[in-house]
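As written, the chains take the letters A, B and C, and residue 1 is the first residue of each chain.
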Amino acid sequence: MIFKTPTTYHMTSGASEGFTVLNAFDGALMAAGIGNTNLVKMSSICPPHTREVSFVTLPHGALVPVAYASITCDKPGQVIAAGVAIAFPEDEDHAGLIMEYSAQDTRELVEAKVRKMAEEGMKMRGKKIKQIKSVAVEHLVSQCGAAFASVVLWD
Amino acid sequence: MIFKTPTTYHMTSGASEGFTVLNAFDGALMAAGIGNTNLVKMSSICPPHTREVSFVTLPHGALVPVAYASITCDKPGQVIAAGVAIAFPEDEDHAGLIMEYSAQDTRELVEAKVRKMAEEGMKMRGKKIKQIKSVAVEHLVSQCGAAFASVVLWD
Amino acid sequence: MIFKTPTTYHMTSGASEGFTVLNAFDGALMAAGIGNTNLVKMSSICPPHTREVSFVTLPHGALVPVAYASITCDKPGQVIAAGVAIAFPEDEDHAGLIMEYSAQDTRELVEAKVRKMAEEGMKMRGKKIKQIKSVAVEHLVSQCGAAFASVVLWD
């Protein structure tokens, strides 16, 4: 094993305006409580026997594996949203599946879509679903905005 | 060193249909045999003295470094393909070079192109090539499809 | 902690022509002195108490965390540029913020913009800035070119 497999997960989301789209993205990370870390994007599995934590203390500058959806937009008045969902199988030794989705759409629609994606992905594995968890956030763009939703994996 | 340097590599590819492009991508990962892991995308070197393995058992949810090409498409009837190639130098203490390519094109053309890319990249290093290995996959889109080819690095 | 937190940083940039945009990107990495490594892209923090190094010896094929901006272009005669900046706060226990920017524009404009982005990002944190460091590179495209600027984190 090259990297240690994570043992906890944390679902979080945030949105922000910013000077540029990257600043808005950075602001959205801060709103989500993970703004001073180095996110390493990965695809998109919740390891079996991983425990949910409602809060995670990440050292400044830590390298943090994360599955996320994000969207940025500089069209004033546009609604944007990002969401993530995890489908957990009844079989507890099998991984959970994380799905990510973002669009110029409402939180309600984005969250419903990403939950359906997680459901379909678990069906594809031929596994019965025990539970689907999700988080999503919506943002009304003023000048330049970002919406971000994620599953952070940690130890 | 922050991360351990990998000691083995595994070439694999897969294709799939799916409910959304992300579900199709997820299905392609499963078809490639690495569907229940957390892929961490990296650019694109095969460490020297790395050994090829024809099969790799990755724990569910493991963080896995991988170089990959992928393409998704929701145009029924379109052919898509993804390929990767590794150029190995005669000098065995020098890294191998991985290249990735995908297009709305046939497997044959994509594989030929990505092999040429690896060849050119090794030329750029002024190194004589010992061998080029490649893998590629083609998919005919029905509703929403993905093609994926990769070099997985592992220990 | 899943990954070790880096203790040094190195700012570097490079540009290149290439057979394809990916070959040009690969050439730009070599011009920057980090061409035979596996870059793992991350967002974008310089951990507190990290020390700058002017040179870093990375083993071939090592997995290297890096924040970077890059741009590729196959329009002959086009100028492209990429830059990164780090804003360091007066509070030395607080992380530095890395920003990345690239455009079909001159080095001067890209570097000014990315410095401003880092400044705005530190303002958003309500922190006084001690210093901003930046690096940027410009490239005049002949056939197919790439410009790349990065902050490499290492131990």
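Throughout what follows, a contact is a pair of C-beta atoms (placed from the backbone, for glycine too) under 8 Å apart; a residue touches a chain by one contact, two chains touch by 3 or more.
Please read these numbers as outputs of a predicted model, since none were measured by experiment.
A.B. asks: Taking touching chains as linked, do they make an open path (line), a single closed cycle (ring), a hub with spokes (star), an all-linked set (complete), or other?
C.D. replies: Chain contacts: complete, every pair touches.
A.B. asks: Quick check on subunit A against subunit B: do more than half of the interface residue numbers occur in both copies, making it same, or fewer, making it different?
C.D. replies: At the contact between subunit A and subunit B, which are copies of one sequence, the residues are largely different (under half shared).
A.B. asks: To bring subunit B onto subunit C by a C-alpha fit, how many degrees must it turn, rounded to the nearest 5?
C.D. replies: Resulting rotation angle: about 120 degrees.
A.B. asks: Subunit A to subunit B: how many Å between their CA centres?
C.D. replies: Averaging C-alpha atoms per chain gives centres 25 Å apart.
A.B. asks: Where in subunit B do residues touch two or more of the other chains?
C.D. replies: 2-4, 6, 40-41, 63, 65, 153
A.B. asks: Given the complex with subunit A, which residues does subunit B contribute to the contact?
C.D. replies: Subunit B residues touching subunit A: 2-4, 6, 18-20, 22-23, 25-27, 29-30, 35-41, 59-65, 153-155.
A.B. asks: In the complex, go through subunit C and note every residue touching subunit A.
C.D. replies: For this pair, the touching residues of subunit C are 1-6, 40-48, 50, 63, 65, 67, 93-95, 97, 99-101, 113, 116-117, 120-121, 124-125, 153.
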